[in-house]
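Each of the next two complexes has chain A plus one more chain, namely chain B in the first and chain C in the second.
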Partner chain A sequence: MSTLQEIPWLDKAAADENAKAIRQARTVRNRYNLLRISWLLPLLINRWPQFVIRAMTLAGFVFTITAGLIGTRVGSHNFAIIFVWIAWWTALKLSFIPFGGRSWCSICPIPLPGDWLQQGGILTKGRGLGLNLHWPKRLKGSWLQSGAFLLIGLFSAVTLTDPRVTGWVFVALFGLSIGLSLVFERRAFCSHICPIGGFTGIYAQTAPIELRVIDTEICAKHDDKSCYRGCPWGLYPVAFRDSATCGLCMECLRACPQDNLALNLRPFGADIGKPRTAKRLDEAFLTLVMLGSVLAFTSVFVGPWGWLKSAAYAIGSLRWVGYALGFLALNLIVLPGLFSLAVWAGQKYTGKKFPLNREIANQAQALLPLGLMAWIAFTVSFALPKWGYVVAVINDPLGWGWNLLGAGNILWSPDVSGFSPVLQVILLLIGLFWSANVARRLADSDYRRTVPIQVFCLAFTLGMLWLLIG
Partner chain B sequence: MRKEWFARIFVILLLAAAISIPVAGWWKRSQGIVIHARMAETGGWTPENLTVQVGQPLHLRLTSDDVTHSFAIGQSDQPPVDVIPGEMTDVTLVFDRPGKYTFYCTRWCSVNHWRMRGTIEVTGPTTTTEAVAPPLYVTLGLDIDAKHQAEFVPAETPSALRGALLHQVIPPAYQSREYYLIHTPVELWKALGGEPALQKLYDQDVWDLVAWVWQANTTSQELQLGKQLYAANCAACHGEQSGGNGVFADQLAQPKSKNPTGMQAGDMPVKPANFTDPNTMLSASPAHLQGKIIRGGMGTSMPYWGPIFTEKQTWALIAYLWTFQIEMEKLP
Partner chain C sequence: MPVIKTIRWQPWAVWVGLALAVLFIPFPTAATTPTDRTYHIEASRFEYTPAVLTANPGDRVTIELTATDVVHGLSIDGYNLVTTADPGQTARLTFVADRQGSFRFRCTVTCGNMHPFMIGKLEVGHNTLFWRAIVLSGMTLVAGIWKLKK
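The block that comes next holds the complex of A and B.
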């Protein structure tokens, strides 16, 4: 984590030991600063391009809520279901996250009204509203995000298909985000609650983009810390070790008087594969929750079990309680248990280097590529064949027989039955080998230590393959 | 600060559009009347009687509470729309003439499917109603409920093609539309047989001449239309091959056969009419068939189709019914 509160050396930023650590970031090779592209810098520095996009996503979000609440209850004909869960979700999983990390966060509409109220203006800062309390220390980390994601998972079958429920879930997220902005400082909702932000953050560590300080010496001499004061998330760029928290909003770029920030293109997975100094069990847990959720979602939505699907839909019934207990057991007990066992077994063979907790937190990094690729493969399984619905709901967003594009009832569905399984196998295998590689680097190429982790990854991959391809 | 205000107005305008577009559509829709469709046994259309003024659009929102139904307006060109469970189907109707219109289901939703009917009363600025000419069976005083049997039937199906190839001259009196409408095939057969010029012909040859005359009173387009109407509206009971054995025929017959005491003197058989039976068909005139179709009844479950079919459609259907007795193909 890179929040200011956790950087005790900030007051004497040039303290030797930490300055050394900061400088290491500079010496990392394989980076290309995108801001060297002459036309890109003004586009990012100027607030208007981002503002216009944000205003449009905000309008789209409000339209989605309205469509969900008053449009047709038939999910496949409602903008709220198709556009969000097919179009946006696919874009998020197939493009925003794998290539842009938290780039969606930079245009996400949900925190905007809260932001604007908090700072008392859209483009300028005025007399803001709100109490600006510190976020409670014991609620820090991604535990709440994991919880929020599990909560959505329990009701996913209905949330993903019933426009009214999707509408109300969005109203709740919107209200929560605005409410938290008025009580707590900065982006409390994004940093600690948003279930999308949670997994976007952990997977952003694999993405080929990062925002970093170029020369930490310059920052050390800069007393004002205008980047920190300008950051809506309350982050201090000098402290970035990974890209999990930075929402790529570019406010630090606008605030820095020295142009000391770089938007780097970097190799995939650049943040992972190094032992961590902080033990972040919350991130490890979120990583495992993402694995458990993708297994559960694939079983419910793609798997061959009709009873499971109907149990997931029958919210409140005894069958659903069974599904919910199974879902929670998988995420809270089975996967964390198996993974801890794998880490423990690895340690047992090769001797302890760190306490088990820290080792679990470290080794969980290896599960990030696996989970990312599994989510992409899962998304491919339902998104590609349904893409035709997106055109249909733009043509008739509320399912009321409108014909905005003049497209009539054309339902163009690409036939991906032959191509989709091949793609899924390739994606899952990339995830498996990538994860194996990260695990190996984490274990300093001590193969015996990685074997249990590799078995865990292989079992997960086989499970996904079985569910997706059969 | 000017930029800030511009940004705020921009956001407000976009949000207003995002909310007002769906809400305006919703408001417009809410002006419509919601009509629930159920199988006739459980209520049919609710509401089933509507009133509207001439020229005023009537917004209907149709939904089904059980199976897929279909909504159509009798005697109009409005194409039928499906009424699907759990969905709202919007229909906007504008009537340009006053009168009482019937809306009905065109899906075979249950054995009492045809009872799914409702009315739309269209009132005009003037209260004068158009005088409608009574149908032929009324002006002729035909008793369409009476049993009728053909005195003579052909040995084989009369053929218009064979009739044409006999190269006989048929007196013009028998060739008029008026004659066709009010005479039975048997009557024409007897009349032609009595003509001196035709007396040398065999009985079957005369039947073929009857077929030729009958065929001259229709067109292939009319037969095509009749065929479509038959398949959509009649085949459920009368059978696709018209043998009186449609998918609902047995269910129609059941109640009375189970309860024979319910039968009353003069009751007609409750089985749907069999159009392949020459005894009943050849002893009926087009006017007679028209009466049966538009009035229905006859002690059977035959619905009344008067408010549903236009006159053109009724005659087309009758022309098609003759094809079960007469081979209508033309000279090559």
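The block that comes next holds the complex of A and C.
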């Protein structure tokens, strides 16, 4: 809940409890405003550096789509597959999200064409196109992003390996983004549909970076709300309680006449571990979908079960229907059911009665570190042995027998069998301990309340260990 | 003994000590006589049958790889070995399983879109890393709960 329309206390923001909480958060130690670095502020205020990077990523994705659609159909020899699912997907999980939160969103090219049409300009606003309708209230939240991620999971074996499908998926993402920009106001696609946005958003809460208002009193006195008007996401920075929704586009920074925004370096996981009063079951569900998806992806792509790979790949066959039902059952029934049971058991054991929905939404925060580390461990397991393919597809991006780097047909296959499994164990143990720590903070004084959650986390960790190194 | 009285066992030091012990204490292994083992593996698109091989440390393992549809290969992580089989043909690979643990083996010849994920598993003796990781996970959970109690 960060949009202007949803904030009834806007006019008296400084007196509101939420604003007080934000002001208190501002005084918490362990924050360093990166904008104090003299050369960084001009770089962020100026739209050109960001535009140049986004133009490059746009060119990269246009080339990816082209390679996917006209290049070889052999996935491991096509730039589209290797660039998207090995290079970009790995970079997203190993660097962008854990260290920069939603920093990828700030340079993502997918919303760019829609933004330009909607605004009627690239760097400056003109007479834009589009209906600028409000996004339907009943479709708000992360539900659609969870659905989009599940949809990708159902077709993952083909999407991740067939260049044509990868190409068309990205055409569809660009098309959907443009279409929604022409119908709805601001970045409706990024905020409510984009599965990558959902993924980066929930795990951005663990990242050591945040954009926050410095002094809410100043915002309360500022009638123009230029930060809100300038935000392509439709967010009002005063209302930020976490970093799940802010795409770090820096437009608020450019619009604020008072320089009242900070880009803070903060401890990892600073957003999580605080009891939340709002029931955000959509976020809890998205968190569980991420856990279920990483279990399923690890089974399909890293496990030794050929029948499972074949079932996941044979779209439309009876075997695939079986895979799809299993995948959906894991994500929609098994994990949500077990987690709800764990939360319920915690309440039953301690005799404390909170609304179960609120507790599920609250306790799901504890799953975020473990989920992030599980995704990183999974990525390490499958991406490191395949890193040699990146060089190969730069040498011959379309699989047409080119030899741009003079590397010939030599495929460099690094032997990571020594340290990769150890690294995966370390990552999962860090995730388990971090999650236990978050659970502790959520437990208030009664530790017994979160013991079933800890057991849930342990079971998930053991499952991942078995799939990855067992 | 005043000195001993003043020593306050730091729980984290104890945990780290135990973790190091779990990591480095030699795993008890039953002495086995190395034997010859032969596995016949059928490789079809994206699948090895059987996909899981087991051996004891020191065993002399022979893998007979038969490709049933297109050209397939096999290389084992951690073992510098590779072989390739043409359709309908059998390729043979013999080695001594001198590294203990669980190792993935992978197809080395592009055989279709799921080729990078055509994987099998060789288990040599105890998978000590896995068992040590299980114990460490339990210890991590106990540490978490203990911290909750505080």
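What we mean here is this: the second predicted complex is superposed on the first by the 459 of 470 C-alpha atoms of A that agree within 3 Å, B and C clash if a C-alpha of one lies under 4 Å from a C-alpha of the other, contacts with A are read in each partner's own complex, and residues count from 1 in each chain.
We take it that a contact is a pair of C-beta atoms (placed from the backbone, for glycine too) under 8 Å apart; a residue touches a chain by one contact, two chains touch by 3 or more.
Just so we're clear, the structure is a prediction, and the values are computed from it rather than from any experiment.
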Which superposed partner A:51 touches (first chain B, second chain C, both, neither): first
First (chain B), second (chain C), both or neither touched by A:400: first
In the superposition, chain B vs chain C on chain A residues touched: C
Partner chain in contact with A:470 - chain B first, chain C second, else both or neither: second
Partner chain(s) touched by A:121 [first = chain B, second = chain C, both, neither]: first
Touching partner for A:333 - first (chain B), second (chain C), both, neither: neither
First (chain B), second (chain C), both or neither touched by A:74: both
First (chain B), second (chain C), both or neither touched by A:429: second
Which of chain B and chain C A:60 touches, first, second, both or neither: first
Chain B/chain C common contact set on chain A: 73-74
Chain A partner contacts - residues on chain C that touch it in the complex: 44-49, 51-52, 75, 77-78, 80, 101-104, 106, 110, 112-121, 127, 129-130, 133-134, 136-138, 140-141, 143-145, 147-149
Sites on chain B touched by chain A in the complex: 1, 3-4, 7-8, 10-11, 14-15, 17-19, 21-23, 25-26, 29, 86-90
Residues of chain A that touch chain B when the two form their complex: 51-52, 55-56, 58-60, 62-63, 66-67, 70-74, 121-124, 397-398, 400-402
Residue ranges of chain A touching chain C (in the complex, touch as defined): 73-77, 157-158, 161-162, 300-307, 309-310, 313, 382, 385-386, 389, 413, 415-418, 421-422, 425, 428-429, 432-433, 435-437, 439-440, 443, 447, 450-451, 454-455, 457-458, 461-462, 465-466, 469-470
